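Shared chain: chain A. Partners: chain B in the first complex, chain C in the second.
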Partner chain A sequence: MKNKTITAFFIFLCCNAFVLTNTLFAKERLIEVKARKFSYTPNLIRISKGDTVHIRLISEDVHHGFFLDGYNIRTSAHPGQDGSLTFVANKTGRFSFRCSVTCGEFHPYMVGYLVVNPNSRFYAYLFLTIALGLAGIFFQMYKKNNTHPAKEKLFGLIDMDARFELTKFKPVRALFKSRWFPLLGIIINLFIFTVILLAGFFGGYSAGNYNFGIMIVWILWWVLLMFVLVPVLSRTWCMVCPFPIFSDWSQRKMLFGVRTGKLFSLNFRWPKSLKNMWIMNIGFLVTTFFSGFFTVRPLATFVLLGAIILIAYLMGLFFDKRIFCLYVCPVSGFQGLYSQFAMTEIRRRDPEICKTHSPKTCYVGNEQGYGCPWLVVPYNFTKNTYCGMCLECFKSCPHDNMAFNLRPPGTDLLIEKPRGMDEAWKSFIMLGVAVVFFLTMQGPWGVLKDMVRATTWQGYLSFIVLHSTFSLLAFPGIFLAFSYVSKVFSGSKDVSLKKIFINFSYTLVPLGLGVWIAFSFGIILPNGSYILHILSDPFAWGWDLFGTANFPWTPVFTRLMGYLQGITLVIHYAFSIYYGFRLSKQTFATPAEAKRGWIPMFIFLTLTTIVFLWLYIG
Partner chain B sequence: MKKIIVISLAVILVLCFGAVVYYKLSRPKGIQVVVEETKRAVLKAPFVDKDIDLTAGLSPEIWDVIEPTEIGLMHQIMVLPWGKSSPPQITVKAFHNRQNIYFYMKWKDTTEDKVVEVNRFSDAGAIMFPLGEKVPPQSIMMGFLGRANIWHWKASQDNEFWAKKPRVTKAYSDFYYPFEEKELFPVSKEVPVSAVNDLISIRVSTVTPKETQRVEGRGFFEKGAWQVVFKRAIEPADIESDAAFKTGGKRLCVFAVWNGSNGDRGGRKSISDWVELEME
Partner chain C sequence: MLENQIPNRMRRNEIIAVILVIVATIVTITGVIVVEKYRRSKFYTVELVAREPANGNWYPRKITVPYGEKVRLLIRNIETVNHGFALPAFKVAVNEIKAGEVAVVEFKADKRGTFPFMCTVWCSIRHMEMTGELTIK
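For the complex of A and B:
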């Protein structure tokens, strides 16, 4: 009986696999796709592997295109005329089709989805995520390990204390100690951002994909930030950021050298209650309300960047040092949060030297360098969050006791102090913004695009309300519910719900970064080729500086996008569950409580990862 | 450092930045999206101090001296079904005599289809005039994206109206819904008041005959071609639903043709892009 059941089940599985993968059931499909600024109807097409698909593209307003990722085929249609293409759906998965003819400001985000069933890519990553999660939690539950979380090996492979000092190489240290560095990088960046501002100003209402400002800021810079600068190099962007340089020069009354004494500023004290990320959190969220403008409208980018530079300068007049960067800059907040996961850090070398060294020149400054402009104490800080990597401490330390280290990613997540609600909410906001950005920029729903670009006040206000509610209340609310279940599961009466909520929120740092990296693939791969155009013709004045002004729009590796997004999410999910369990051990008093309390949060992280997998490739 | 200096500097900088942004916002320049503009055909309607009595024919002696405009057609592809045959080229002319405006359409057709039967369809021609100022960049299809006044001449209706030949087919459907006192669809109307239906449309599937039919028309099939003339008083009776014409002014119009023997009917037709009508 048992054998018969197994045989029947096996046959059932084989039949299912046959039906799902066999092309005998392939059909001839005629699909009429209507294009209108900035969406397709139907926006989601489901077909089966092996189908012969005839697409008839019809434009209802201006000239629109149809480029199918993965298959790299395209057509276009003028209004009143049709475009057509035929292909055999021999690749499975979800593929975006996108407009290939510049049709308006939201053109880069005019997207629809073609799902070739079975969507084996999504199911493979789903299986991988669940298998990895189950293996991870099985290992965590049954492996006896009583070492302190911060002393454990990352995935049992890399010592968490392992550091490789890059500044032990003399040329690197000499570079870090030079006053030209990072000033030269700032000046180069200043030049680039001057061109960006000019392009934004003169570009006015142009289509963003042919504007230097839009392309460099929102396609290249943002993607570099998420791909390399933050996850690998911590806050390297802050090191070379040109926004506060006018304030620095004004305060110091020096362009290059070091001037000791009081800074040229009213030197007001920043209120203690605001020494956190809350202003940055709200500032970043409010900035995203205008994402439908500044990511596509050159003038909006000009206003945004101009306002940031102006505010940075004005704050430098009123407050000491880089208060703006520390507590106000909307870009600084998420870099601070995600730099905890970075693979590099600036730290003191030998604590004993710092103990005996007086005065603390890294904080108060000397003739060689300014006291820390970020108001942290370089001789004693333990997290990347508020270190802007300005390198003044390298210059001012007479003992060369500062180091730039390579390290295992994420070690800061286990640093217990300082942790706070502000950083927790930063995690939620970043994930909420990622969802909203994905839906509006890479999703196929025209109604959402209309809301975000404010075609009606009603729609725009609805977008703001929904976005704010989701990022500030709904997502944290769900997390709070899981935190409560965690507390109940753990059986601990000593640990507060607040502590559980805050500590576990740091598990969202690796996952959040993975979500943003995966999102960035969807930005750079389809749209990166526009950069070649704008490099040659930055002001759209008909220049052809490098002979690339007429380079056509060429999506790159879009067939790999789903794979890259999937693997990025899974890898960062692995980091999240690794650190999650360690955070659980830090949160709860006993290993047994930690194991029980970890389970609900593990489920939350797994579900969140699955939701993002579904969103990106499902 | 004095507070007053810092505050003054801050205010000046903020005002300067605001002024720069305001300046740019008030001058919405920029490199706009390049939309390839198609060159529209122009149809000139000169003043000719003559009248056409359609009961006597099309008055070819008048049309012979009026400059023709050649217009290419394409299939209507916005809604199914799409056309089957090659779209024809049409010749159009127009004139006015300050009382009436006249349009002339001529297109080649291998068969004269003026009888409607089961699976037989009539040849037809039409002119559409958009109403209101918001006009889509391309004609796309008649009445697709806004209000339009359509003059629809049908060979079958012409046959009934001018030749007084009743419909051949007797196989009518019951167009009366149960419990309705009057017929809801106009398809079974017996006595046409003109060879041209004066219609109004506001979007797809809303083509509706107007209460007052003001357009006259007549067509003749000769030497493998249809010649059709439309006539209407220049002055609109109802500005909401009648195309308005102004001497010395311009307005847009669109021409469409149905080839009955190829199965054209309803949305299956050939249609032109916008044509600019210039009334002299």
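For the complex of A and C:
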């Protein structure tokens, strides 16, 4: 009895102490932060709202800085000459502090976290996710079975068959039919990438954050891909991509015009066993092994882009058409995968016209346009994944029967054929890479950065092994386990585990895209201002073309970053659980089985979302 | 035969496209290089590359400029850490040259002799070794 009273009293004291220190009395906190290439010690600082914080920044090797996101305050320290900073922690949430003085090649990745408790925005998003998930699944479980599942609307609001044809406007149609259209875009991009390659070559070994090549490719281009090009415009990048222009030119012996008859190439046959995404999967994964070089060393970017252009050209000599783009290009695969979620599509308009039209000029080509270089059949294809949007079919169709449509995002996810293990693994690899990139580039752990930038061979090899194991085996393994539980839960005997696994992997497409968009906020908001500098001085030779060469590094909207990341994840999570249930109904024979089988996958998606929320803002 | 089948307009467009591609690639590359060569020879006396001692130090470490003329140094930091530059004898310095950036230093070579210049930012453990000599004759 006595013991109990003492315990109770002790707990009471502790609670009081907790409440007092955290809320009633704001404290003065003196924090010594040691900076060394490329991390801070401590790398995670927890304080409470209202605290007055004094930061003393000590540099242990070279001149380092300290910029606090959200608060927009900074200091810097030379070795033996400390920096100091005082502020009142009046904004809650997790904020990164980052190095503000170029200190080495990994300088842009030198961050630490400052958590101002209570981290209310993380809990708000956590609550929102769970509430949304529960509401969603409640609705899915108790809604009466629709007799026409195909007629179901997106979130009960938007008709899945709703299309708004953009090419019904005459100028748009004329543009799409003009042979100049993608060509001019390609040539403009060719110019931009020529400058990128030059800057990469001349930039050599120097700091990537002041290099035109690095900044345009890894900050602007990558972020544009994730923000707009893929989620809204499908594979528009492939439409204007300059890499295969030399291959096209050598095959067609023409840039502008259309050569009827055979293309010039050795006409090797691409093996049937490679007509899938596997080469792109492995290629992309292997490319990310070198992320610690490509994203920081101009010369490494030069080598990467140069290799892509060269391989594209060489493959064009051996194989017909765009075999390189379809089956080899490392950035093609994820664009294909995520463009299933895009809000636009190219499709044929009226199937009746195509039925009677012979020969199929969109596939074999005519004087106006080439037969589909991407080897899809424009008169009858159903998902964006393998359509490179080269617009040749618009030109070769004599009936103007091709259309560029606006549509509800993600309708391709419900297309049953073709689906496959290769596309499933693309999803896993993309999520695995997102985790690894976040941990190494936006995380506070110096050990990981040392592994990625290969300070020791052991570290670098273990990074490669861990990264590959996680992306290729561990994450798919967890997914397989949930698929198995799903099969058991559903009670279905005749649906194979493989089918469940593959079908449900498409639920990772909206979520994966959301994860990448949220990740991209962490690239563009802190580092976007570099672009002004490098536009004026692309080769770091002291040029000042537009008068912005001396624009300082200025992170923008860092206060909002956590909110933007949170809402992005939640929105895409909503899409994932919507499509997940639809996919479940496709997979299982009866609605009852579909409902039971959906629950484990729903839990998986919710947990994955929560993990990413925690990673990004928790 | 084939040439005649292609309408004139198509042939004209083809030529334009080829010219545009050449402009985007070969003309851009040569243009950039020629312009930069001209700019350097016209506006700068000496180009000085800044690297930390472990990666090569100042290059060149010994500079010679003629007496009595106005000297413009183009200092390029081609590295991943920030450097500084000071030439105390002529009271010229640049506090910080950011990694990958350039700085220009101007002074009149009105004294004969050999003068030291050095880095002014703690750029590495061997920062103190990052010095060079300027000779005026």
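Descriptive notes on the structure:
Rule of thumb we're sticking to: the second predicted complex is superposed on the first by the 590 of 618 C-alpha atoms of A that agree within 3 Å, B and C clash if a C-alpha of one lies under 4 Å from a C-alpha of the other, contacts with A are read in each partner's own complex, and residues count from 1 in each chain.
The working rule: a contact is a pair of C-beta atoms (placed from the backbone, for glycine too) under 8 Å apart; a residue touches a chain by one contact, two chains touch by 3 or more.
Every value quoted in this text rests on a predicted model; they were computed, and no experiment measured them.
In the superposition on chain A, contact is made by A:F318 with chain B only, not with chain C. Once the two complexes are overlaid on the shared chain, A:L220 sits clear of chain B and of chain C alike.
Residue contacts after overlaying the shared chain place A:S265 against chain B, while chain C stays out of touching range. In the superposition on chain A, A:G306 makes contact with chain B only, not with chain C.
Look at A:A454: by the touch rule set out above, it reaches neither chain B nor chain C.
Look at A:I58: by the touch rule set out above, it reaches chain B but stays clear of chain C. Of the two partner chains, chain B and chain C are each touched by A:T102. Applying the stated contact rule after C-alpha superposition, one finds that A:I415 touches neither chain B nor chain C.
Applying the stated contact rule after C-alpha superposition, one finds that A:H78 touches each of chain B and chain C. In the three-chain superposition model, chain A touches both chain B and chain C at residues 61-63, 78-80, 102-105, 107, 203-207, 210-211, 540.
Those residues of chain B that touch chain A in the shared complex are 1, 3, 6, 9-10, 13-14, 17, 20-21, 24-25, 27-36, 38, 74, 77-78, 80, 136-140, 145, 271, 273. Interface of chain C with chain A (complex): residues 6, 10-11, 13-14, 16-18, 20-21, 23-25, 28-29, 32, 36, 39, 74, 76-82, 98-104, 121-125.
Those residues of chain A that touch chain B in the complex are listed here as 32, 56, 58, 60-63, 78-82, 102-105, 107, 201-207, 210-211, 264-266, 298-299, 302-303, 306-307, 310, 313-314, 317-318, 540. Those residues of chain A lying in contact with chain C across their complex are 59, 61-63, 78-80, 101-105, 107, 179-180, 183-184, 187-188, 190-191, 194-195, 198, 203-211, 245, 249, 254-257, 296, 537, 539-542.
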